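The following blocks contain the structures, represented as structure tokens.
Consider the two complexes below, in which chain A is the common component and chain B and chain C are the respective partners.
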Partner chain A sequence: MAEQIVSPLPGTFYRKPSPDEPNFKNEGDAVAVGDVIGLVEVMKTFNEVKADKAGTIGSFLADNEEPVMAGQPLVDLG
Partner chain B sequence: MAIKKLLIANRGEIAVRIIRAAQALNIATVQAHSMADADSLAVKMADEAVNIGPPHAAKSYLKAEALLQAAKDTGADAIHPGYGFLSENAAFAQAVEDAGLIFVGPSPETISRLGDKAAARAAAEAAGVPTVPGSAGVLETVEEAREAAERIGFPVMIKASAGGGGRGIKIADTADELAKLVSQARSEAQAAFGDGSLYMEKLVRNARHIEVQVLGDGTDAVHCFERECSLQRRRQKVWEEAPSAALDDAQRQAICTSAVNLARSVGYRGAGTLEYLFDDASGEFYFIEMNTRIQVEHPVSEMITGIDLVQEMIRIAGGEKLRMTQDDIVLDGHSIECRINAEDPSNNFMPGPGTIGRLVVPTADHVRFDTLLYEGYTIPPFYDSLLGKLIVHGPDRATAIKRMAEALDGLTIEGLKTTIPLHQALAQSPDVMKNAIHTQYLEPWLEANPIPS
Partner chain C sequence: MIKVLNPGLATSVQDMGRHGYYHLGIPQSGGMDQLALQAANLLVGNPADAAVLEATFMGPELEFTADTVVAVTGAALTPKVDGDAQENWHSFPVKAGQVLSFDYLKGGARAYIAVAGGIDVPIVLGSRSTYALGALGGFKGRPIAVGDEIPVGKASGTAGRTLDASLRRAPASPAEIRVLPGIYWHWVTDESGARFYADTWKVAPEADRIGYRFRGGEPIQFTERERPFGAGSDPSNIVDGCYPYGSIQVPGGTEPIILHRDAVSGGGYFMLGTVISADMDLIGQMQPHTPTRFVKVTMDQALQARADRMALIGKIKDALG
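What follows is the complex of A and B.
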């Protein structure tokens, strides 16, 4: 089974640092441990989601601005 | 035309507050809510509830069409926007009116005029309300800057016209510093914003934040005295009082009268707040902006005047004239409000949602707790961290602080971290007791006095 990066917090998931900037990462991108793959907004505070394992992004499992739960998978690493 | 059915286009404690006011006026209520708020206290209390969309505010509470459709489907004849969200959105107010409904607030024209910084400043100046002294326009040369600074008086702030949110600001205490900083500021502004134009404003060091509550019916206006909200963290108010202990009677009269003059001059309708900077050293006050909605900290004004501001704004929206003259509004005692947030004050105020366990609220005639909480409620992570507002009243400020300390000790919210320990520390602080505070006070104080976990 592919490895996954999960949301550390409940909140709203964002794939980009601000609405008019590009995504942090796209499908097919390589990630290293510590790379920021998105943000989770919890009560108006933005928290970076960092990769806790290295790999290549197979697919995003949550869309931009989608509500997520703590522990919910955000990314499948191919 | 009196309102018969009111749709609440907001959430949290202010939705609960608006429902209570509507119930007291025998007005039916419809709570518009996101999917994440289906089990909120406001939904439980309202006569009807309508799901308007997904949790993300842009897809629900900020979605004008969904709110208007909900009003239409339920036969509501008015919409209360609360604070935040669409409350100061002139286009929304216009859309509500265009749909044949009542917007509980000022006219779209007033919202848009007072929401524009330059237009609001011009309206204030026309009404004789002092504004922060500044350069008349863009500064072209060092010589122009020097002349402006001498007229305004040092210290001054040099600001980039294209800047904002505190970016591109330089402070000069003397003419020599100014000469150096102007050219530096110009090249930095050019590099950062692609526009090197600068303007100048007087810097009020250690300013207090003082704001005046007004009520208007479109023709006449009254004030409900002032609030002081100088204890702020990251520009968010933390602790609010009414009246301000920093003002003497003559200063109070002057600042409150200036607010009424501005409200009258724009034909203000509803509840509004004029924000000012107050300079202890000179006793001068300067208008900054007007908020054209009910504010979070409105209860302290209610506690010292006995006026229910939310009921009054609903009555005015329904076409009533002001029910009181200025002479009817008497300042009684002192009130304090603490904002209780779901944040951990011992860990850099990290917000954290959770499920409420035991909830114990102190009960006394002089204590009020405006909240969205009930036992077993799970706070959603999608909105702000405000859990409730603890409000006390006392015959004088010292008694009010003592009563706040007691009320904080009597408030138990289990299940998540709250800012109660911060407020307990503030209620024991000698500087708070002396009211020796200003808008830049709290953050350094927190560095020096970390809140233990």
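What follows is the complex of A and C.
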């Protein structure tokens, strides 16, 4: 099974730091441990989702502004 | 003592709350799920009202400097001692130097971490609860942070006890929250009032200890009426009044907000009604996006539900006393 990066929190997933900025990461990008791959908004705070493993992003499993649950896979590492 | 290696998200010290100051604008604070908080304490052998850590959506990582006993109730956040998974609603030993961490949230929203002897922060206005917005009580008036050293009372504790599943409580799916209509109910059209109960709402991601906001239902329609002097022009405004714990305000008529433990005590929004006291614990266990229905009840039904909840807490005390 491919490695995955999961959401640590329930909330709303964002792929970019603000609406008019580019995505943190795109498919095909390399990620290192600690890289920010998105944000989860909950309780009026935006929490960075950091990669806990290194690899190359195969696909995003959650869309921008999609509701996510804690433990839900966000990224497949190819 | 407990060393905080990772605070989790908005983890704070809470007990049964700070009562008697709401009229001065100081909210009661305290655990949002008071049944789970008391159960956690009783499991480790503490008085039911001792101070615990309330973790929201995500568990902290804590190192213990002395042997103790811990229990985690409420949300399904599996505790781990040096990586070994432990049961929820169960008291287990933790040795000096061991680290308590948590798996991902699998259900509910808030976990109550009781430690034998209780969290021994100073009592402020009669309570150890944290009111973070007012920088009052708890550990230095704020959620815990990396590097904090949190004092714990002295007690040996009781390990190996489990609270029977029949004595636990969690919201259904969709969650059903019982409401007693309030004194402003006549401001709402009959059709809109019926829609409020018929619609399925969803918990907004902003929901926190201050208030639980909901989205997804139809906006409230107000009856035509002369605006009271001083109430402002929006039909959801009133002349400032007191807000009860559990009251449901709907600013602008769009998104209902249930005031919870850290809420302000008054203001200028009309209230549809009040969530019955028996169901406030359930709100504390609702994640963002939880589908929710509001169910209208009478005062007699509300009082019966309160008696039923108190009886359940009595059974928990009997089982673990």
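The working rule: the second predicted complex is superposed on the first by the 78 of 78 C-alpha atoms of A that agree within 3 Å, B and C clash if a C-alpha of one lies under 4 Å from a C-alpha of the other, contacts with A are read in each partner's own complex, and residues count from 1 in each chain.
Assume contacts are C-beta pairs under 8 Å (C-beta built on N, C-alpha and C of every residue); 3 or more make two chains touch, one makes a residue touch a chain.
Predicted model, so just to flag it, every value in this text is computed and none were measured.
Asker: Have a look at chain B and chain C on chain A after the superposition and call it: clash or fit.
Answerer: They clash: once the shared chain is superposed, the two partners overlap in space.
Asker: Using the superposition described at the top, determine whether chain B or chain C touches more residues of chain A.
Answerer: Ranking chain B and chain C by residues of chain A touched puts C first.
Asker: Is A:Pro8 touching the first partner chain B, the second partner chain C, both, or neither of them?
Answerer: Touch partner of A:Pro8: chain C, not chain B.
Asker: May I ask you to decide whether A:Val42 touches chain B, chain C, both, or neither, giving the answer as first, second, both or neither?
Answerer: Touch partners of A:Val42: chain B and chain C.
Asker: State whether A:Glu65 touches chain B only (first), chain C only (second), both chains, or neither.
Answerer: It touches chain B, and chain C stays clear.
Asker: With the two structures laid over each other on chain A, which partner does A:Gly78 touch: chain B (first), chain C (second), both, or neither?
Answerer: neither
Asker: Both chain B and chain C contact which residues of chain A?
Answerer: Of chain A, residues 9-12, 41-45, 67 contact chain B in one complex and chain C in the other.
Asker: Quick check: in the complex, which residue numbers of chain A touch chain B?
Answerer: Residue positions touching the partner: 9-12, 41-45, 65, 67.
Asker: Please name which positions on chain B make contact with chain A in the complex.
Answerer: Residue positions touching the partner: 36, 54-56, 58-59, 342-343, 350-353, 381-385.
Asker: Tell me, which parts of chain C touch chain A in their complex?
Answerer: 9-10, 56-58, 104-106, 109, 205-208, 287-289
Asker: Please output the residues of chain A touching chain C within their complex, sorted ascending.
Answerer: 6, 8-12, 41-45, 47, 67, 69-71
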